[in-house]
Amino acid sequence: MRLNLTVATRDGTEFVRRVEAESGQKVADCYQCGKCTAGCPVTFAMDLMPHQVVRLLQLGLGDEILESKTIWLCSTCATCTTRCPRNIDLARLMDTLRSTARSAGRTKAGKGIAQFNEVFLDSVRRYGRAHELGIGLRYNLKTGKLFKDSDLARGWFLRGRLKVAVPKIRGVAEIDRIFNEIKRMEGGK
Amino acid sequence: MRYSYYSGCSLHATAREFDLSTRAVCRRLGIELAEIPDWNCCGATAAHSTSHLLGVALAARNLALAGEQGLDVLVPCAACYQRLAVARKEMDQNSELWKRVVRITGRDYTDRVGIKSLLEVLAGLDSEQLAAQVVRPLEGLKVACYYGCLLVRPPAVTGFDDPEHPRTMDRLVRLAGAESVDWDYKTECCGAAQGVSNEPVALKLARDILEVASRAGADCLVCACPLCQSNLDARQGHVNRAYGTSLKLPVMYFTQLLGLAFGFDERELGLDTLFVDPRPVIRALG
Amino acid sequence: MPRTGVFVCWCGSNIGGVIDCPGIAAQAAGFPAVVHSVDYKYLCSEPGQNMIIQAVREHRLDRVVVASCSPRLHEETFRKVLARAGLNPYLVEMANIREHCTWVHGAEKEQAQAKALALVRRAVAKANRLEPLFESTIPVTKRCLIVGGGIAGIQTALDVADAGHEVVLVEREPTIGGNMVKLDKTFPTLDCSACISTPKMAAVAAHPDIRLYTCAEIEKVTGYIGNFEVTIRRKARYVDHEKCTGCGTCWEKCPMQVPSEFNAGLGQRKAIYIPFPQAVPNKPVIDREHCRYFTTGKCQVCAKLCPAGAVDYEQEDEVFTEKVGALVAATGFQLFNWSRVYGEYGYGRYPDVITGLQFERLVNAAGPTGGKILRPSDGSAPRTVVFIKCVGSRDESKGRSYCSRICCMYTAKHALQVLEKVPGAQVYVFYMDVRTAGKGYEEFYQRAVREGVVYVRGRVSKVYRDGERLVVRGVDTLLGRPVEVDADLVVLATAVEPAAGAGETARLLGINADRDGFFQEAHPKLRPVETHTGGVFLAGACSSPKDIPDTVAQASGAAAKVVGLLSREQLSTNPMIAQVNETLCTGCFLCVPVCPYKALERRKITELLPGHPPREREVAGVNPGLCQGCGACNAVCRAGAVEVRGFTNEQLLAEVDALCL
C-alpha cells in the first residue's frame, strides 16, 4: 500500500516528540545503517526490524510500532546501544515504546510479556520482593497454560531451590507508596 | 574489605547456590558482606519496561538504604547490578530526576554509594591474593566464560570490562587453574528475559550459545547471572527437546568454580543442585 | 579637524531592501567632522568607486567611511580606491551593515535601521582618529621547504623546482613515496600505482634543485614569511650513503627478520633494509631497535660483508638548519587503527580480518605473496571475500564522524581485483552509501556490480569465529533482514586520518588543525592551499582525505602559491601590527609569552634623560615579520605601552563612546 507521507509526517509529529522527550533519544540522528538489526539476537522472531522501528519513528508512523511484536520481543540486551555508530540508545527507546504501548492499553502484540511484567510487579508491590514460585503460578493461571515449566518447578523444588514461603519485607508500605506516587505522576496508568 | 551486600530475589530462591558460593568465596578472601537491611526487588526488566521512573525508584530505595550503611554496594546478580548502576548513573546525571525520585521514595539518596558487581570486585583483587587461596587447581578443565548482556552493557553504565571481548572472568578462571577457551559468544544475549513468556525465543538463543561453546571445546560454562544460569542450565533439557540436540554442558556460577579451586566441598557450593550435573566433569579431573 | 566622507551602500536589496539608506546618509551628515554623506546602489562597482574618488577630490576628504558589507570582502577594494584618490589607503573605515545588520535583522526593520545608524556613528568616530600607515618591505629567501615526501610533497617539490627555485624535501621514513607507492592499482583507470609514482620519485632524486633528506624530521621553525629558518634532525642511518652503492649484500645476509612496514606487516624485511626495491634513496638503513648488533653487541655481518665499507655503527643524528622563504606541509594520512576499538570485529585477533592497505600489498605483484590473494592465516586462496566499508569513518562512537572519501572507490577496485584473480570467488561489499563523485567513478562502481560483486546495504555488527568458520553478521536494510556470510577473508575499509605526529608538525609550523587533526585551510573554498600563517602552504591529505587526483592537483596548487611568493624580490608587510611605546614600557614582558607568533622579544635601549647619565634598560620589541596584529599583547600590557596600529586604545575607546554614549 502506498504511504502518504504528507499525512503521516503531519499526524505523527506529536507521538514522535513525546517518545523523544521520554527516551532522551533523537530519532533524526539515525542514518539507517542497520547495525542494530545486524546485531540483534531476537530479529528471527520480530515482525519489524529494529532499524525499521526507528525509520517508522522518523516518518511519524507510531501506530505500526505500537502494534508490533518487536517492542515486546526486545530483551534490552543493549547490543544495539553498545554498537550504534550514532550513539542512539535504542534499548532505551524500546523501553519507552513499551511503556507508551502499555499506557495506551495496546499490549496485544506482546500479551505474554506484558502479563508477565504485570504479575512480576504485582509481587514486588505486595511483598517488596519477586517471589518466583508465586509469579510462575499466577502467570500460568492468567495465561491458562497451567503446566508451563512445571518440570522446571519440580526440578527446582527437588533441589531445594524453590522457596514456598513468601518473602515479605518490612517496608512494603514504602514500596506501595512508590507505585502510587508514580501512578499519580504519570496520570493513572 | 567490607561491602553492602545486595543479593537480589533470585539468590534467595532459584539461585541459592550463587549466594552460597558467593558467601563462601568472599569469606575465604576476607571480604565482609553486610546485607542491606530490608532491601527490595530492583524491579528487573519488568519495572523499566513498564515505567522508566518505576525502574529508577525501586532501585533508588536500595541505594538510599545502602547509603545509610556507608559502604559501596556489592551485587552478584548481573541483572540487579545493572539496574542499580543505571539508577545511580541517571540520578547522578539528572538532578531533576533525582529530585523526583526522592519525592517518590520518601528517602533521600545523598550518600552516593558505589555499585560494584561481584565479578568486578573479585577480578580487581591482587593475583597473588587469589592464587594463595587456590588449593585445588582445576587443571585440564576447559571453561567457556559467559558474561551475558548486563555485566558489560551498556558500557557507559557498567564499564569495568570490555563489552565485546571481556576478560575479567577468564582471568579468574585461569587463576583457578582451569583453561578459559577463546570463544566469541561471551556477550551474546541468552534471551532469559523471554524464558517464561516466550520460551521458543529463549531456547533458540540458549542453543546457539551452548553449541558455540561446545564447538570451542568447552567442558563447561561459567556465568555471573542467575537469569542466564537458569536459562542455560534448567532449560537445557527444553533446548534438547525443541531442537533434537543432546547438549549436556554444565553451567555453573563463576563463584562455584572459584570455590572448588579454593577447596570447598561440592555441597557447600551447591554444585549438587544444578540441572546438568557438573560433578562428573569435575571429578574426571582427578 | 579631519574632513570625513560617509558612503552608504545599498548592496542592491541586500541592505537597501531592509533599511532606508538615504536616511542613514542624511543622519550621518550630522556626525562630527562629516562634510559629505551620500548613498549609492553598489559602491564596489566601477562607477561606485569612481564616485568616491571624485568626492574625495571635490570635498577635500581626508577620511572615508564605507557602510556596506564585511571588511573581509571589500576592505582591500576600498583601500585601493583611496590610494587612487591620492590618500593613504589606511584612512578608510568600514561599517558592516550587511552581515552584521540587514542579513540577520531582515524581519525587524526598525531596529535594523537604528543598528545600522549606530554602526555608522561608530565607524565615523574611529575614522576621525585614523592615522596614515605605511607598509615596509622584507626580502625573500628564494627556497622552499616541504615536510613530507608522499605524492603531494613529491609533486610540489617537482613543480617548484621546475620553476627554478631550490627545494628542500624532508621525509621521516627511509624512502619517499608515501602511501601511494604501496598501492597496487589506482581507481578508476587501474593503472599501476607504483609504475606511475616511482618515475616521479626518481625525478626527485635526480633533480639538481631538490635537496632530499630522508629519515629526517623538522625540529624547530623560526622566522616568518620569506625568511624562515628550519632546524632539521636527520636520524642516524648507520650506513654512509656517500659510500654505499646499494648492492644489496648487507640485506641479503642480515640474519634478522622484522615485519615489513611497507607490506603493512604482512611480509618480512631485514634489520638492515631498503623498504622496497625502487626506494629513493636506494640505500639501506639499519633499524637499530631490531639489529642484532645493537641489541646484543654481536653480529656485524653487514659491516663485514659490505664491499664499500659503508656500514657505520657509530653514525650519529645530524642537526642542521636550512633557510627558506616558504614552507609546505604535505604530511599526508594514515589509516585509523581499528583494532584498538572495534571489538565487534575481533580487535585484530583474527589474521584473516585485514585492512584495505594490507589488501593492496596482498594483491601487488611485488608484495609478500607475489600478487596472489592468499589468506594470512593459512596461505589458502579465499573463496568468499567480504569488504566492510566505513570502519571508523562516519562512526562517532568509535572513530571519526566524517566520510573518508576514498574507500568507496578503492573497495570497488578491490572487489574487482578479487573477481579477476580468484576465479569463481564470491565477493560481498557491506556499505551504507556508495559515494562516487569523480570522473569515471560511478561507471567504475557500476562495472563492479555488473561483474558480480554483491553490494549489501547495511553495516556489519559482528565478525566472529565459530569453530572453523569466520562469520560476518550484517544486515540488508533494503530487504529488511539480517544476513550472514561465511567468509574466508574480511577486508576493512578503515578511516583516513591525519598522519601520526601531524599535531606536532602543525605546532612547529604555527598553523591550526581542525577538530579531527587535519590542517586548517585559510579559507575552505577560496584559499584551500594557504594557511593563516603567511608563507606556510598545504598540499594533499594533510588538510582532508583526498584521492590521488585531488592530492596531485592540490600539490600543484600549493606549488603555484610557493612559486608566486618566491618570484618576488621583496614583500610588503602589513602595517597593522603591534608597536611598543618604549617610554611607557616597564619591561615586565608579560606580552612575550602571550604572543602566539613569537613576535615579541626583549630589546636593550639606552635612555637619555636630561640631567641624568645615559641609562640602559630592557623593553619589549616587535618583530614586524612575525607579528600578525592579533592584539594579545595589547590586552595584556598593564602600562598601555603596546598597541596595534589601526586599533589603538584611543581609536577603540572612541568607537565604544560612539556606540554607548
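Order of writing sets the chain letters: A, B and C. Residues in each chain are counted from 1.
Note that a contact is a pair of C-beta atoms (placed from the backbone, for glycine too) under 8 Å apart; a residue touches a chain by one contact, two chains touch by 3 or more.
In this text the structure is predicted, and so the values were computed from the model without any measurement.
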Inset, instruction - Looking only at C-beta pairs in contact, point me to the busier pair out of B-C and A-B. - result: A-B
Legend entry - Middle chain, criterion being Cα centroid separation: C
Inset, instruction - Quick one: report the Å distance separating subunit B from subunit C, using the average Cα coordinate of each chain. - result: 51
Inset, instruction - Give, as an integer number of Å, the spacing between the C-alpha centres of subunit B and subunit A. - result: 22
Inset, instruction - Could you tell me which residues belong to subunit A and also touch two or more other chains? - result: 79
Legend entry - In subunit B, residues with contacts to at least two other chains: 163-164
Inset, instruction - Quick one: which residues in subunit C touch 2 or more of the other chains? - result: 344, 462
Legend entry - subunit A-facing residues of subunit C, complex: 344, 390, 394-398, 432, 457-462, 473-477, 480-483
Inset, instruction - Note which residues of subunit A are touching subunit C in the complex, please. - result: 31-40, 43, 49, 51-52, 79, 83-87
Legend entry - Partner subunit C, residues of subunit B touching it in the complex: 162-165, 183-185, 212, 215-216
Inset, instruction - Going by the contact rule at the top, pick out the subunit C residues touching subunit B in the complex. - result: 343-344, 346-347, 349, 462, 464-467
Legend entry - Partner subunit B, residues of subunit A touching it in the complex: 22, 41-42, 44-45, 73, 75-79, 81-82, 89, 91, 95-96, 98-99, 102, 112-113, 115-118, 120-121, 123-124, 128-133, 136, 139, 148-149, 151-152, 155-156, 159-163, 167, 169-171, 174-175, 177-179, 181-182, 185-186, 189
